[in-house]
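Below, subunit A partners subunit B and then partners subunit C, in two separate complexes.
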Partner chain A sequence: MTVTASHPYVASLLAGSTAVPKSPAAWLDARRAAALERANALAVPTTRDEEWRFTDLTPLTKLQFQPVTAAAAVSAADIAMYAVTEAAARLVFVDGIHVPALSQRGALPAGITAELLADGLKTHGALIEPHLAQLASGESDLFTSLNTAFLQHGVFIHAAKNASLQAPIHLLFVATRKDTATYPRCLIISEAGSKCCVIEDYVALGDEPYLTNTVTEIAVAPNAALCHIKVQREGGQAFHIGNCAVTLAKDARYLAHAVTFGARLSRNNLTVIQQGEGAHAQIDGIALIGGRQLADTHTLMDHARPNGSCEQSHKTIVGGAGHAVFNGKVFVREGAQQTDSSQQSRNLLLSDKARVDTKPQLEIFADDVKCAHGATVGQLDAEHLFYLKSRGLPERQARNLLTYAFGAEIIDRIPVPSLVAQLERSVMARTEAGA
Partner chain B sequence: MSTVLDNLVSQPYKHGFVTDIESETAPKGLNEDIIRMISAKKHEPEWLLEFRLKAYRHWLTMTEPQWPNVRYPKIDFQAISYYAAPKPKLKKSMDEVDPELLRTFEKLGVPMHERAALAGVAVDVIFDSVSVTTTYKEKLAEVGIIFGSISDAVRDHPDLVRQYMGSVVPAGDNYYAALNSAVFTDGSFCFIPKGVKCPMDLSTYFRINTQDSGQFERTLIIAEEGATVSYLEGCTAPKFDTNQLHAAVVELVALDDADIKYSTVQNWYAGDEHGVGGIYNFVTKRGLCKGRNSKISWTQVETGSAITWKYPSCILLGENSIGEFYSVALTNHRQQADTGTKMIHIGKNTRSTIISKGISAGHSNNSYRGLVKIGPRAEGARNFSQCDSMLIGAKCGANTFPYIQVQNPTAKVEHEATTSKIGEDQLFYFQSRGIPTEEAVSMIINGFCKDVFQQLPMEFAVEATKLLGLKLEGSVG
Partner chain C sequence: MINSNAKTLLEVRDLTASVAGVEILKGINLTVRAGEVHAIMGPNGSGKSTFAKVLAGHPAYTVQGGAVLFEGRDLFALASDERARAGIFLGFQYPVEIPGVTNSAFLRLAYNTVQGGRGKDELDPLEFDDLVREKMKMLEMSPEFLSRSINDGFSGGEKKRNEILQMALLEPVLALLDETDSGLDIDALRVVAGGVNQLLTPDNACVLVTHYQRLLNYITPDYVHVMSAGRIIKSGNKALALELEERGYDWLLDAKKAAA
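This part shows the complex of A and B:
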C-alpha cells in the first residue's frame, strides 16, 4: 500500500496507515486497501459541500494528528468517575487501544458476545463478513474511509438468536494524548428475537487537541431490539467525527440516545435504513454546548419498506458563542406505505452570540403516509421564568432549572439510571457555569 | 377512488392556443450585439445599456444552479430568441390595438375595456416581450400613481427607475437574475407616492406567444412612505412541444409604513402528461421592507410550468417590518416544482409568516425550500412557518427543505410540516352525506388550501379555486 493522496492534509492523516498490521481475514485487508484508495482520492469537505455547509473543518486542518501505536498508562482510579454500575461488561480503550487490565469481561449470558473485532473474526468470521465495512461503506465520505483504512482495534458485539441481556455493555474510549488520531470501530449484530443494550462512551483525561474518528455499524435482525446509547464527552479542544450506519430488518426495534457535551468541533452522523416491513426506530439526541464549541448532528431515517415508524426528538442548548447544527432527513421511498414518521428539532439559545442552524427535511414518495416535523428556536419562556420567580426562586436559579428541565426530557429516557445520574450532574454543572 | 381521481386530472390546458400575429423577432442567440439591439429598439439611455452589458459579462462567468431538486436537460441559451414583439407597432389607444391581440385576451378572460371597468382592476398586458396596453393610466395618474410598462417608465421617469432597479435583486444576484438583467425586455412599473392608498387593484397579464422565444420581464414596484398597493399577476402560454424559458425578476421596495401585497396566479403551459413541452419558470422575486413598520405580502398559486424554480422573499430591514408568504403549489403529470421563500430578518421586532401548501399528483415532484434567517441584530424577531403537503397517487413526491438559521437568542422561530393524503374516512364521510367523490375531493383540496386562498383578492380566489379543480380533474382515485 502506498500513500498518494491528492489532498496534502489527507496525506498527513494517512501517513501511519501503512503501519497497520495485516488482519486475520484477506477480505478485510482488501476492504481496507479499497478504503485507503478512496480516502486518497477524497479531499477534506468544505462549507461549499451542502453536507458541511455550517461546519467549517478549517480548525481541524490546521493541526496535525498522528495514529497511536501504544496506549498510555491509565489507572482504574483515573476513569472511576465514568463507571456505569449496571454494566454487564466493560471494554476500555485508551487512545484507541484496548487495555484488558481496565476492562471487565464478566460472565455474559449465553448467546451474548462482547469482544475485540480481531477475536470476533476468528469465531464469527462468516457472520461479520457481510456487515463489516459494508453497512458504512463510506463511498464518498472521507472520514468513514479513513476509519476503515486504519481498521484494527475494533469491538464486536453479537446477540445470538433470542439471546437477551438487560444490563448494558459499556464501551469506554479514553483519550489521553495530544495530537493523536484514533479510529474506534464497532460492529453490533443483533440476531432475530434478541435484545441488548450498548453504550458507546467517549471521554478525555486531558484538555489537549486530538481527533476521534469513529464508525459504528449495526444490523438488527427481525424482531430484535437494540438500545444504542452514545455519549460524547470529549475534551474541550478535541475533534470528534462519528458515523453510524444502522439497518433494520422486519419488525426490528432500534432505540438511539445520543448525548453531545464535549469537543471543540463534533459531527455525529446517523443513518438508519429500514429494510424490513414494520420496523420501528426512536432517535433521541441532546447537545449541550457553550464556549466556542460546534456540535453538528446529521441524521437520515430511510423508510424503504412499508409500515415503518420513527419518532425522533433532537434538542440543543447553546450558550456562549456555541454553534449547534442539525440536519435531519426523513426519506419515505416509493411503496413505503403506512409509514408513520415524526421529527422534532428544539433549540434553546442562552446567549447573544449563540447560533443555531437547523434543517429538518422531508422527502416523501408514497401517498399513504403520516409524516410530520417541527422545529423551534427560542430562549427560555418569560412566563415560565415569571412563574418560578413568583415562587421565590432567584432569576439565576429559575433559569438553570428551566434549562435543566429542557435537557432532562431527553436524558431521562436513557434506560441506565447511573448514567442518567452522571449526565444530569454534568448538565447541572454546565448550566450553573452558564453553559 | 382511483378512477375518480384519475378522471379529475386529465383536463386539457385551456390557454394553449397560438395567436397568429405577425411578430418581430430577434435572431436566436445571445451576445453583446443582441443586447445592444434590444436596448436600441427600446431607445434606452446609456446607463441602462451599461447595466445590461455589465450583467451579461457577469452572467458569462456564472454557472447554472445545481442545487434545486429538479431535473431537466441542459438549456441551450443560444437557441432562444431574446426579443419578440407583435407587429405592427402598437398605438397609444386601446382602439388601435391589433384586434387579433384583443381577441386573444378575450379568450383568456383578461379584463380589459369595459370589462376592466366592471372588475375595477387596472391592467397592464405583456405579450411576449412588450407591454401592449395599460388601462386606467389616467385615473391612476390623478392621485400620482405611475403604472405602466417599465419601458415607458425608463423613458418618462428615468431617475426613479435608475434609483431602484437592481437595488433589491442586484444584477449578479444569481444565474437567471443576471440573464434577466442583461436581456429583460419589458415588465410593469408601479410607483405609489407618499401617503397614497392605491384606489384599485393593479394587475399584469403575461403571455408568451412565440415559439422558441423566452420571456424575460422585469417588474419594479415602489411604495413610498405610508403608501398601499395590491398587485396581481397572471400568466399563460400556448402549447408547444419545445420548452420555453421564463426568467423574470420582480423587485418590491416598501418605505416607512408602506404596504405591498403581491398576488400571482401562475398557469404557464405545463407540458403534456409525458412531460413534453412546457415552460421553465425560473424566477427571482424579492421584496425589501426598507422602512419602519413596512409590510410585504406574497401570495402565489402555482399550477402551471414544467419546472418552477421560485422563491419570493422578504428582506426585513426596517424595524417592526412584516413579511408574509402564502403559497399553493400544485404539480401533476411530470411537473416539477422547487419553490418556497426566504425571510431575512435584519431589523428589530421583525415578523414573518410562511404558509405553504403543496399538492402533488401523477408523477410530479413538489418541493418546498425555505430559509428563515435571524441576524444577530434582529432583537425580538418572530417567525412562524407551516408547510403542509398532500400526495395524490403513489408515484409522486413531496419534499420539504426548510433552513432555519438563528443568531439572536431573543428571536422565536417555529416551523412545522405535515404530509397527508385524502383519507378514505374523509371521503366516506362526504359520501354518507350524499356528496359525490369528485366534489368531495375538490372540497377537501379547497379546505387544505383555504389559509392561502383567503389571502387572495376576491376575483383571483375564485379563479384559483376553479384552476385547482381543473388541474386535478381525474387525478383522485
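This part shows the complex of A and C:
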C-alpha cells in the first residue's frame, strides 16, 4: 500500500500506518484500508470549516508526530496517583501500547469482558463486526479515519445479556514520549439488560507535545445501562482529539461524564443516536482550563425515535488566556414525539483574557416535544462572594471555593468516589494556582 | 442587659452611605455596649437593612461620611472578611444558595478561619463534627443538613436556622441579624429566637433589624430604635416596640414631619 495523501501534513501523520500488522479479521483489514484511503483524501480542518470555526489546528500542524512501536518503561509507582480503587479491572496502555504488567485483569463477573480488541476479535468476532469502525465510520472526519487506519491496540468491553458489574472498568492511557502519536480505540457493547461502567482516562507523565487521537464506539442494547466516564488530564503541551459515537436501543440508558483538564488543545466530539424508543441519555461535561489552553466540546444528541429523553449539562471554568468552545446540537427527528431533551451550557470566566464560545443548536422536526436549552457566561456571583467573606473567608479563598463549587456540581455526579476525590483535588489545586 | 459601665463595642457617628449614587443612610448615630440587645425597626425602605449591610461591608454600598468604631478600631479600614474575623456577624435576610459545597465543609472552613484569626486552634473534621452537631441540637436541626450543599433547596426557615447555626459556631462579638424573623412560622421563630438568646452573653451584643414586633416577644431588646428615611428618628425601650405594634409607624412619621 502506498501513501499518497493529498495533504502533506496528513502524509506525515500516516507515515508508519503501513507497518500496522494484519488483524485477525479480513473485514477489519478492509476497513482499515478504506480508512487509510479516506484519510489520504482528507485535509486537516481549518477555521473555515463550520465544525472547527473556533478551534485552530495550526499549532498541531507545526509539529510532527510519529506512531510508537514499543512502550516506554513505566513503573506501577509512576501511575499510582491515578489508581481508581473501586475498579474491577484496569487496562493500562503506555504510549498507546498495552502493558500487561501494569494492568489488573481481576476476576470479572460472568458475562463481563474487558480485553484487547485483538483477543475480542477471536472470541466475539461476529458481535464486533457490525459495530467496529461502523458506529464511528469517519466518513468525512480525518481524525476518526486516521484512528481506524492505525487500529491495532484497541480495547473491547462486552456486557453480555443481563450481566451486571457495579464497579468500574478503568482504561488508563499514559503518554510518556515527545512527538508521538497514539490512536487509542475502544469498543463497548452493552447487551440487553446489562449494566456496567467504563472509565477512559488519559494522563501524561511528562509535559512535552504529543498527539492522542482516540475513538470510542458504544452500542447500548434494549434496557441496558452504561456509565461512561472520560477523564482527559493530558500533559500541558499535548493535543487530544477524541471522537465517541454512541447508539441507544429501546429503553437503553447512557450516562456520560466528560472531564477536561489537560492538553494545550483538545477536541471532544460526542454523538449519541437514540435509535430505539424511550432511551435516556445524561450528558455531563466539565472543562477546567487556564494558561493558553483550548478545550472544544462538540456534542450531538439525535432523538430519532419517540419518548426519548436527554439531560445535558456542560460547564466550563476558564482562567488565564484559556478558550473554551461548546457546540451542542440536539436533533429531534420527525416522529420522535414525546421527546424530553434539555441542555444547559454554563461558563465561568476567571480572567479578562479568558474566552468562551458556546452555541446551542436545536433542530426540531416533531411537534409534541419538550426541549429546553440555556447558556450563561459569567463571573463569580458578587452576593455569593460577600456571603463567604462575611463568614471570615478571605477574598481569594472565597473565590476558590466558589470556583470549586461550580465544577464540583458536575464532578460530584460521577459515581466513583475515589475518582471524584482525585478530580476534586485537581480542581482545588488548579483554582488555588489561579487556574 | 444594660450596664453603663460595660465596654463600648460599636460607635456609629453621623454615618451616611449610598447605593448606586442614591443616598440611603443620612446620618446614623448609635452606641452599642457589651451585653446589650438593640432592635432597629422601621417601615420598608427606611434603610435598616442597608445599615446592617454597610456595617458588614457589603460591596454594593459606598460609605459617604461619618465614622464607625468597632471595639475602638476604625471599622471601615477592615475588609468584610476581616470584620468577620474581628467578630462581626451578619445574619442574612436572604441567605444565598451555593450548590457544590457541602454545608459541613463550609461551616468548618468558616469556623477554622475565624478561630485562626483569633489565634485559636483549628478543629479537625471529627472534632468539628462533634461541635457542630451539638450546636445543631440547640436549633433542632437534623444532621442531614451537614451533607447538603450550602442552603441549597433549604426552606426559608431552614436557611434562617443555618444562619443562627453559623452565629453559634463563629461566636461573634457583635451579631447583626437582618430580618431573621421574616419567613418563619411561629415554631421556627421560637427555636431561632431561643438559639439567639442562648448565644447572648455579657461580653457580646446583638442588633436585630426587624419590621415586626413579633420577634421581640422572644428576644427582649434593651433599646428599640425607629428608622425612617435613613435616620434614627426615635429611640426607646421595649415599650416603644409595643406602641409601634399598636399604632403602626405613621404617628411617629407624622410627628417627625410636624416637628420639621
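Miscellaneous remarks
Criterion: the second predicted complex is superposed on the first by the 435 of 435 C-alpha atoms of A that agree within 3 Å, B and C clash if a C-alpha of one lies under 4 Å from a C-alpha of the other, contacts with A are read in each partner's own complex, and residues count from 1 in each chain.
We adopt the following convention: a contact is a pair of C-beta atoms (placed from the backbone, for glycine too) under 8 Å apart; a residue touches a chain by one contact, two chains touch by 3 or more.
From a predicted model like this one, the values you see are computed outputs, not experimental measurements.
For subunit A, the partner that touches more of its residues is B, with subunit B and subunit C as the two candidates. In the overlay built on the shared chain, the residue A:Gly392 is in contact with subunit C alone; subunit B does not reach it. Of the two partner chains, subunit B is the only one that A:Ile364 touches; subunit C does not reach it. In the superposed pair of complexes, A:Arg355 makes contact with subunit B only, with no contact to subunit C. Once chain A of one complex is fitted onto chain A of the other, the partner contacts of A:Glu409 are limited to subunit C, with no touch recorded for subunit B.
In the superposed pair of complexes, A:Asn347 makes contact with subunit B only, with no contact to subunit C.
Contacts of A:Leu401 after superposition: subunit C is touched, whereas subunit B is not reached.
Subunit A contributes residues 381-384, 386-395, 397-398, 401-402, 404-409, 412 to its touches with subunit C in the complex. Within the complex formed with subunit B, the residues of subunit A that make contact are 50, 54, 334-335, 337, 347, 349-379. Contacts from subunit B toward subunit A in the complex involve residues 67, 374, 376, 389, 391-421. Residues 56-60, 79-81, 83-85, 89-90, 92, 95-96, 98-101, 106, 109-110, 113-114, 117, 149, 166, 170 of subunit C touch subunit A in their complex.
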